[in-house]
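Chain lettering (A, B and C) follows the sequence in which the chains are written, and residue indices restart at 1 in each chain.
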Amino acid sequence: MIYIGIFVLVYNKGYQEFDDVLASVSTKVKGYSFANKTIAGDFPGIWDVADYTVPPQENNAIFVTTNAILTYDQEQTKCPEAVSAKDFCNNDEDCAPMTTKAGGNGVRTGKCVNSSQSENKVCEIYSWCPLENDTLTGTPLLTSAENFTLFVKNNILFPKFGVSRSNILDSDLKRCRFNASDPTLKFCPIFVLNDIVQFTSNHFDDLNKMGASIQIQITWDCNLDFDESACLPKYNFKRLDNNRTTNVSEGYNFRYAHYYKVENVTKRTLIKAYGIQFDIVVQGRAGKFYIIPLMLNIGSGLALLTLSSIVCDIIMLHIHKLRQFYRDKKYQNVEEACQLLKNQEKNDVQDYGATT
Amino acid sequence: MIYIGIFVLVYNKGYQEFDDVLASVSTKVKGYSFANKTIAGDFPGIWDVADYTVPPQENNAIFVTTNAILTYDQEQTKCPEAVSAKDFCNNDEDCAPMTTKAGGNGVRTGKCVNSSQSENKVCEIYSWCPLENDTLTGTPLLTSAENFTLFVKNNILFPKFGVSRSNILDSDLKRCRFNASDPTLKFCPIFVLNDIVQFTSNHFDDLNKMGASIQIQITWDCNLDFDESACLPKYNFKRLDNNRTTNVSEGYNFRYAHYYKVENVTKRTLIKAYGIQFDIVVQGRAGKFYIIPLMLNIGSGLALLTLSSIVCDIIMLHIHKLRQFYRDKKYQNVEEACQLLKNQEKNDVQDYGATT
Amino acid sequence: MIYIGIFVLVYNKGYQEFDDVLASVSTKVKGYSFANKTIAGDFPGIWDVADYTVPPQENNAIFVTTNAILTYDQEQTKCPEAVSAKDFCNNDEDCAPMTTKAGGNGVRTGKCVNSSQSENKVCEIYSWCPLENDTLTGTPLLTSAENFTLFVKNNILFPKFGVSRSNILDSDLKRCRFNASDPTLKFCPIFVLNDIVQFTSNHFDDLNKMGASIQIQITWDCNLDFDESACLPKYNFKRLDNNRTTNVSEGYNFRYAHYYKVENVTKRTLIKAYGIQFDIVVQGRAGKFYIIPLMLNIGSGLALLTLSSIVCDIIMLHIHKLRQFYRDKKYQNVEEACQLLKNQEKNDVQDYGATT
């Protein structure tokens, strides 16, 4: 009886019908970072949102560049392989044409040429030249990335109940910044990147060089028996790329390029972008009173009641060390034994047994 | 008995084993819009699919630009802050270098300069100049966007049963257009954007200026006991960004840029794209007859049967106002009472009670 | 009893509490292909990762170009419609200005002009000219795509148990290549594209021309009662675009463009990319011993025990051809009958019945 009353009906809300959330997420990052290099060239300038979010929009995700290796003015041509690829050779026969070396940067032309970086000769390759120098040095490029803000716009719909809600609760958005511990700010949909990283128990300085992957969970658990305005989001933050087993391939990075034409020659700027990938996951359900699930739950709860007498009997008659005493007593006067657990129905059968 | 027969076995298909759908979605938008401005410059021209879908492909989604703010020939340099940012100053000391103002467009250089838009002086900033004029005026740019067509190609697989299906049912695709109310067109996988918006009970003219987010649900509920050809998709459309609580940050938009080089200077075209984000969600399951779930369901159905006698007894013996009468009768002749609900087993025990 | 012991507790691990996986996926493709045409122009050169992955990163997915139709130096202007669009005309009245033809390549200017491809006159259109010639000829462009490698980095988290794992198990990554049948290589996170295609029972040569969609499933089923190091991923591969019902719109392709400026005129390179879309799906759960689910499962298992006697009685007393014999016997000595199925409790009641 206690199980039915408390567990099924109160805790599990057995009197409600439920609906899962349909969600739409859009994001907007704001902020500017002054850096020594930009997409425009190897001189100081700023990075804005069109420069540091790649691709410009993703379904339920956003990537913010925090560091980058930029290689300007690459051109489709031939050049000596980089020394880091270790594709050394003595003569042309060591460089079979149209083959590639694992870890290399292009397709061999078949020639063995002098390297500008080493005394050893290296194979010549077809590639986008000059080659990228894939080593990170110094401080991350976008030093102000920790101050960027991420605005998450989340509209949800519970289609069964026709209820739609938004995570934008009041119109005074420009000044608020999310803070889970402040009751007036825990529904603010604007997050400072540094704060998000701290909520995951990490330090921004530890991950802005190599990048990371962070999940932002938005949970809508709504009881629509109360007013809709009590249906509010809850935010949670988890770093997902925290790799305890190995340090190989740390962080989050990928390469892309901007192409342009100079005097009829196609050139490109190659960007190896390191940064934080934010995945936004919306989950939740709404419940509302309906008579059918209430009936079903009371029914199955009552079924469980019959168990109690059976279990009690088994214990008393077969397991308990005083079982012989109970066996004798059971058919005389069983009311003292098991009275807390036995249900009335069972008792009645036994009353009857005792009286016949 | 009725519960087992009808509810579990027929309605819930308790005799079947189920498998969830694995889905692959690809989309293709077609259509051209003639507009006063294009990505090519501030003169009339056309927008085609490579111009208005950004990024060119997304996993289970597609974005179609319906309106845009275009800023041509931006360059990394210094310029006076826009008046809309309200970064006014009297002298250089009001503009601390390397700081940013919330809502501003760049990083302050430290100088206080004249503004071309106002009599007040404003701080000078490092930015991509000229700055974007972030105000929407007049009609949406892509006036023909409502006539664009969205072709959704959806292949599914039920791995447990080895059944794969496609939403492309016949080969005469070029002429058909989806229409839920026409039986010959309700399986056509080509949708006119204006129709999709109408299926969500919205008007295209209300959302093409600011953008929107629309979910296209494809549901495959298949009974593989029948022929595979009866396994057909069902389409549903929901607008997800319908924000009742506030009008802040309406619609769907984001910024991106195209970069190019003119006389060794990198420039860019900045595009603030407003448009419709279509999310395509595929759900569904297939069922097929298997002996094991049938047995399990009959078993648990029988278990529920035993409930009826217990509930009936509780009502009759303890709750009903004639309970004393029933208590007396129960052990004499109980056949009249509860005969609809009592199961035979119970009756037998009581028959025995009556005969001893 | 057997059901409880074996099915619930052992097979379903009824003594464990479970947690679903949170996953982060990042991918990196490596490889170079020498081709007759590249993004840089209509001359031989190489394609690298920045050229053939579009967009450069996707949430849980990656696209690798295997074939492409490249149209260089398109410009916003006017040109005669392609003959393939069949927009033939006799005079200007057949080409209503600002209209489009289904299957056409732009918006009609209102003029009827000579075609360079046909003796018939065609309507003139506003478009990006020259128009794309949308026919695939010869071998796929990226002939070496089958040798590209896909590195899948997958970090997971079971938040309830605080356990995080990675699919990168040892640090010697550069040389390993995944192979499901080799025990030392079945955890290697680097996949050769040709191998992935073979795991789906397809041939690379059949799909590199038109493209395909392949799902990579990573399954983490972990028993955390054992050591964490036994919590290992399992890889599965399925081709999802295998379209048995029709050959319309085969494969996977989309269009995008690179924009640039030459002498103040914006031009673009239009790319129709055919290729393989890899969707990476991470699923799985972890279990760990907890006392509460064990108790709940023993409880409900005992409830099922009571069924056996009821079902047995129904069969014996009402259905079995010797039912009259059993009815007589039941209340004398029922021990021989049903002794395998009857539980002790029932027996006790009957012992009592037999002794009174």
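Convention: contacts are C-beta pairs under 8 Å (C-beta built on N, C-alpha and C of every residue); 3 or more make two chains touch, one makes a residue touch a chain.
Each chain and its UniProt protein: A, B, C = P2RX4.
Predicted model, so just to flag it, every value in this text is computed and none were measured.
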How many degrees of rotation map chain A (P2RX4) onto its copy chain B (P2RX4) on CA atoms, rounded to the nearest 5? 120
If more than half of the interface residue numbers appear on both sides, call it same; otherwise different. Which is it for chain B (P2RX4) and chain C (P2RX4)? different
Whole-Å distance, C-alpha centre of chain B (P2RX4) to that of chain C (P2RX4), is 19
In chain C (P2RX4), what residues contact two or more other chains? 55, 58-59, 260-261, 303, 306, 356
Chain A (P2RX4) touches which residues of chain C (P2RX4) in the complex? 22-24, 26, 28, 31-34, 38-41, 43, 45-46, 48-51, 55-59, 144, 147, 151, 153, 155-157, 159, 164-166, 168-171, 173-175, 258, 260-262, 267, 269, 299, 302-303, 305-306, 343-345, 348, 352, 356
Contact residues on chain B (P2RX4) for chain A (P2RX4) in the complex? 54-55, 58-61, 63, 75-76, 98, 100, 102-107, 126-128, 213, 215, 238, 240-249, 252, 254-257, 259-261, 264-266, 268, 270, 277, 279, 303-304, 306-307, 310-311, 313-314, 317-318, 327, 330-331, 349, 353, 356
